[in-house]
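Here come two complexes built around subunit A, the first alongside subunit B, the second alongside subunit C.
And then the complex of A and B:
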C-alpha cells in the first residue's frame, strides 16, 4: 500500500545537488587534464599486452588491440563529456529557452509551435537523433543530439510558463506588453532554474550521444567515445569484462552526477 | 466526461495527423527531384496523399512494398514491447508500490537514481553478461549468424531482450509511480478524512491508491516511449530483426520512406498510449476522489 511520500527535505536536496555539481566539476577537471592523466595517448596500442586483465601496470586492463583501458576511458570521457556539453547547450537554446520565448508569442503561433514540437516529442529522442544524423553527418552528432532532446525541453519550458495563468491575464488586461512578461519569465523562472535545466539537458544528451555512438551513428574511429568504446568491447566483454565495464561505469557516473546536479524531484525524468 | 472524451479524441486525431505530416516530410527527402523548397513541399504533399490512400510506397533497399517489409518486422517488435510492458507492470508495479512506502522510499531513492542513470545498452550488456556467467544461458550478443540452438536455448535467447525492455519499462513505471505518489502526498483531503474517523490504511486504500494508479496510467505515453526507445537499442544489442532494427538500417542506408513510416508508427503508438492512459486515469481518479 502506498503511503504519501513526504517532500524531500530541502537540505538533503541541496546536499545531493551539491554532490552532483562537485562530481561534474571533478569530471570536468579530469576531462581537461585527460591528456596529462592518461598513461598513453589516444589510440596507442601495444600488441604484447592484448586483453590483459587489470594489473598495476594497466589498472583498467587492456583491450583487444592492446590499448590501455584507463587511458582510453579518460580520452573517451573527454570526448563524450565535450560532445554532451555542446549538445546540452543546443538543447537549452533550442528547447528550454525557445520554449519559454515561444509561450509569449501571439497565441496562434505559440500553440502551432507547441503542437508541432509536441508531436516531435512523442518520437523517442534517440530515433530523432539517429534520423537527423542520417540526414546530416556523424560529425554533427553532438549538435543533433541536442536538437533531438530539444522538443521535450521545449514542451516542458512552454508548459511551465502557464500562458493562461492569472498573472498573465491580469498583465494583459492592464496593458503590460508581452516583452515585459517575457523578461519576467526569463528573469524569474528560467534564470532560477538554469542550473537545473542545464544539468538535466546534460544527462539527457549524454545518453543520446553515447547510445548513438554505440549504434554506429556517433563518433567515428579513431576518435574515442564511451559509447564507441563499449560497442568495441562488446565483442570481447563476455570473456574480458574490463573492456566494457570501465567505460560503462564512467558513462553511468557522468549521467548520475548530471541527474543529481539537476536536483530532479520524485519521479522526474531528465 | 463526454466532453473530456471528445477533447482527447481531437488531440489524438490532431497528433496522428501531425505525425503523418512529419512522416510525409521525411519520406519526401528520398523523393527524386525534390531539391529546393517548392519541389520538396510538393513531394511531401504528394507523399501525404499517397499515405491517405493507403499507399506507403516501396523500400529503397529491398524494392519491396513497405507494408510487406513492415508485416515481417512490426509484429516481432510489438510482441517484444507488449511482453516487456507486461514484465514492467508485473515487476515494476509491486516494487514501485513497496518503494513508495515512507522509510523504504528514502532508502530506495539512491538505487532508483542509479538504475535510471544507466543507459539501456549498458543494462542490456550487463544482463547478457549475468545470463552467461551466472545462469549459463546462451546469448545472441556475440553469437554467429545461423548458429544452431536447441528449443530450450532458443527460449533463453529470446527471453533476454524482453527482460531488457521490461526493465526499462519497469524503471519508467517506477518513476511514474513515485511522481504520482509525490503529487498525491500534497492532497489536503487526508486530515479531513482522518477527522471523519477513517483509518490511515483506509484512506490510503480507498483514496490515495486510486490517485497513484491514475497518475501511473496517465504516464502511459511516457512508459510507451521508454519501451520503444529500449526496443530500438535492445534489438541492436541482441541482434533481433524487428522494426526498430529496420529503422536503424533504413537510416544508415538512406531509405527515408521506410524510416518515415517507422517514425509514424512509433509516434502513433505513443499517441494511442497517451490517449488510453488519459481516459483510464480520469476514470480511476474520479473513483478515488474523496
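And then the complex of A and C:
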C-alpha cells in the first residue's frame, strides 16, 4: 500500500512560493528588456554562422538559418510569456471569477453550470484548445488557451465557495443578501488566493500555448514562440543540441517558476 | 522535605510558557483516594498542572520544581515517564480527544491495553464490563463508530468507562464535563463519584464551574493566573468566609433564584411574534400544534435537552423549514406567505447569538463582521458606519481590539461579544440566543450575560433563548417553555416553574442545576 506524499511544511512552501514569484519577476524583467538584451532583432540571420555551437560571440549558438539563439530565445520568451499572460487573464475571468459568482446563483442554474463545465474540465485542456483553434483561427490561440483552461478554474472556484456553510445560513437568516455573501467570498477568499490562481493559470496556459505552437496549431513563422522554436529544432537537435535545448530550458523555467509561485505540489494538476 | 507517605507530592512546581509563568510555585500533597478540585477561570493554571502530571507538557514549556510519586522522585517534565502509580486522564469529549478516522472503541481499547500492559482482547473486555456498570445504553457496539458520529455525552461515558477500566491510582480530569448540558453533567459527575468510591482512586479535577466541587466534594483549590488564591473544603469556600477573589468567582457562577428579580415585561408591548397551532413534527397531529406569543421587548426561553425539539420549533417559527401546519406572524406579517425576497427583508430584524460561534465567518475581519449588516441593509456613509461600529464594539468591550484581526483567530469570549456587537448594529426586533454561555469561563459568562442584559435594556429587542440550563434561562428571560422528547410539556413564568415544576423532565432539568449546599447562600436577601 502506498501513502500520499507528505505536503511540504508551511515555511518550506512559503519559501518555494517566494522563489517562484522572484523567478517570475526576473522573467518579466527579462521580457521587458528583451529588445535591449537581445544581440539581434527577431529573425535576423547571418548565413556565415549557421549551426554554430555556443561561443563567446553566440552564447547559445546559432540555428540552421544563422540566427543567434540567445536573441531568438529572448524574443520567444517575450512572445510566449505575453500570450500566456493574456490567456491567464481570460482563464481567471471566465473560469475562477465566474465560478465564484456562479456558486451564488440560484441553485438549478448554478448546478447546471457546474455540471456542464465539470464535464468540459474532464477534457484535456490542450485538446479543447486545439478544437477551439480549429473552430476560430490561430490568431486567437492565446485567448483560446485561456478559455480551454477556464473550465478547471471554474470548477475549482465554484467548489471552494461554501454555499451551505453554517455562517452563510445564519447570514441569510438575518436577511444578508446573496450579493453581500458573494462580496465576502471575493474580498476575503478569492482576493487572498488571487496570486495563487494567477500563477496556476499562467502555468496552465503557458503549457497549452507552447504545445499548440509545437504541434503547429498556434503561432506561425516568422512569429517567435518557444513551442515553435522547439519544433523548428527537431530537424537539427541531434547534430546541434543547442537549437532545441535553450528554448526548451526557457519554457521549463517559466512553467517551473509559475508552478512554484502557485504553491503546487508534486504531480498536482495546474 | 516532602512527606513520603503521600500518593503525590508536588513542591514549587513552575511552568513557564514563552517565559510567562502559567503555573507559579504550585505545591500540593495528595493522599490515596483524596480529591482536589482546581477551580479557576481559563488560564488559571489547572490545565498546565494536568499537562505536567499527565506527561504531555508542551516541549516548549519550561518546568521546574519537584515531583514525588509514592515517595520516589520523578524527573520533570515527566513526558511519558514510567511512574510507580497508574495515572488515567479524563479529557472533555468536546475537546476532540480522538483521532477522527478510527472508531472510539478501538482507540479506548488501545489506551486501556497500553496502560494496563494487557492484550487488546482483555482490554476490550474490561471496557465492556465498565460500560455495563454505568446506567444508560452505551455499549461497546455503540462506541464502535468514528467520533464524529457519536454525541458528546456518549463519548464522555466511553471515556469514563475507559478510565474506570484502567483501575487507576490517580485520575486527572480536565474540564471533563464542561458544556455537556446540565443533566448530562450531573449524571457524569455522579458516575465519576461512584467509580471513585468503588475504586478508591485519587482525583485532580480542573474546572471553571460550580458543579464539580458541589457534587464531588473534597478539597477545592482556587487558582488565578497560575497561583493558588486559597484552598479549603467546598462548603467553606462557597460560604461568605472566603478570599475576595473566591467570592467574586462564586458570585460570577450562575445559580437559580426562587424570587422574581426583574420586572416582567412580557405582558406589555405589542405582539412581535405570534405562533398559532404550529406543528414542526410531520408525524404530529395538527391539534398538537404550539401556540404562543412573544411581545416586543419580552424574553422567552425554550428550555430542554439536546434533541428535545427546541431548535426544530425555532426553525419552523423563522420559516427556515416549512411547518406541516400552523401560522407564524412576525411583526404583523405572516412569514409563510411571503416570497423568499420579502422574507429576507423581514429577517433583517432578527439577530443571532450562538454558543458555537458558527454564525461568524472566520475569514472576515472584526470590523467587517460588525459593519456587514449596516452595509448590506442601509445606504450609510463610511463615517456613519464607522461611528455605529465603534459604538457597538465599545458596548461589548471590543473597541480596543485590532479591527483587521480575523474572526477565526479570536477567542470564544471575543467571538461571543462580537456576535452581540453585530446584533447591536442591526437594531433587531428579535434576538435568538442559543446556549450563549457555552465554552466560557465564569467571568466571561458574567460579562456576556451583562452585555446581553444591557443590550435588551437599552435597545429593547425581544429575546428568544434556547438553553438546557435553567440558570441561563432565568438570567436572560422571564418566561419559559419546557420541551422534552419533541413535545412542549410545560410553560409559564420561570420562577413559577422553578417553584412548582409539574413534569418529571422539568424537575430533572431544575435538579441538574440546583446545588443544595449553596441554596442558603444563593437565595437572594
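Following the convention adopted for this analysis, the second predicted complex is superposed on the first by the 259 of 270 C-alpha atoms of A that agree within 3 Å, B and C clash if a C-alpha of one lies under 4 Å from a C-alpha of the other, contacts with A are read in each partner's own complex, and residues count from 1 in each chain.
The working rule: a contact is a pair of C-beta atoms (placed from the backbone, for glycine too) under 8 Å apart; a residue touches a chain by one contact, two chains touch by 3 or more.
Everything quoted here is computed from the prediction, not taken from an experiment.
For subunit A, the partner with contacts to more residues, out of subunit B and subunit C, is B.
Legend: residue contacts after superposition of the two complexes on their common chain; A:115 is shown touching subunit B, with no touch to subunit C. Using the contact criterion defined above for the overlaid structures, shared-chain residue A:177 touches subunit C, although it does not reach subunit B.
After overlaying the two complexes on the shared chain, residue contacts for A:48 are found with neither subunit B nor subunit C.
For subunit B in complex with subunit A, the residues that touch the partner chain are 14-15, 18-19, 21-22, 26, 29, 97, 100-102, 105, 109, 113-114, 116-122, 125-126, 128-129, 132-133, 139, 141-142, 174-182, 184-185, 187, 190, 200-201, 204-205, 208-209, 212, 221-222, 225, 228-229, 232-233, 236-237, 247-248, 251-252, 254, 259, 262-263, 266-267, 270-271, 274.
Residue ranges of subunit A in contact with subunit B, taken from their complex: 1-8, 115-116, 118-120, 122-127, 130-131, 133-135, 203, 207, 210-211, 214-217, 227, 230, 234-235, 237-238, 241, 244, 248, 251-252, 255-256, 259-260, 265-269.
Of all residues in subunit C, those touching subunit A in their complex are 318, 320, 344-352, 354, 358-364, 368, 372-373, 375-377, 426, 428.
Residues 165-168, 170-177, 180, 184, 188-189 of subunit A are the ones touching subunit C in the complex.
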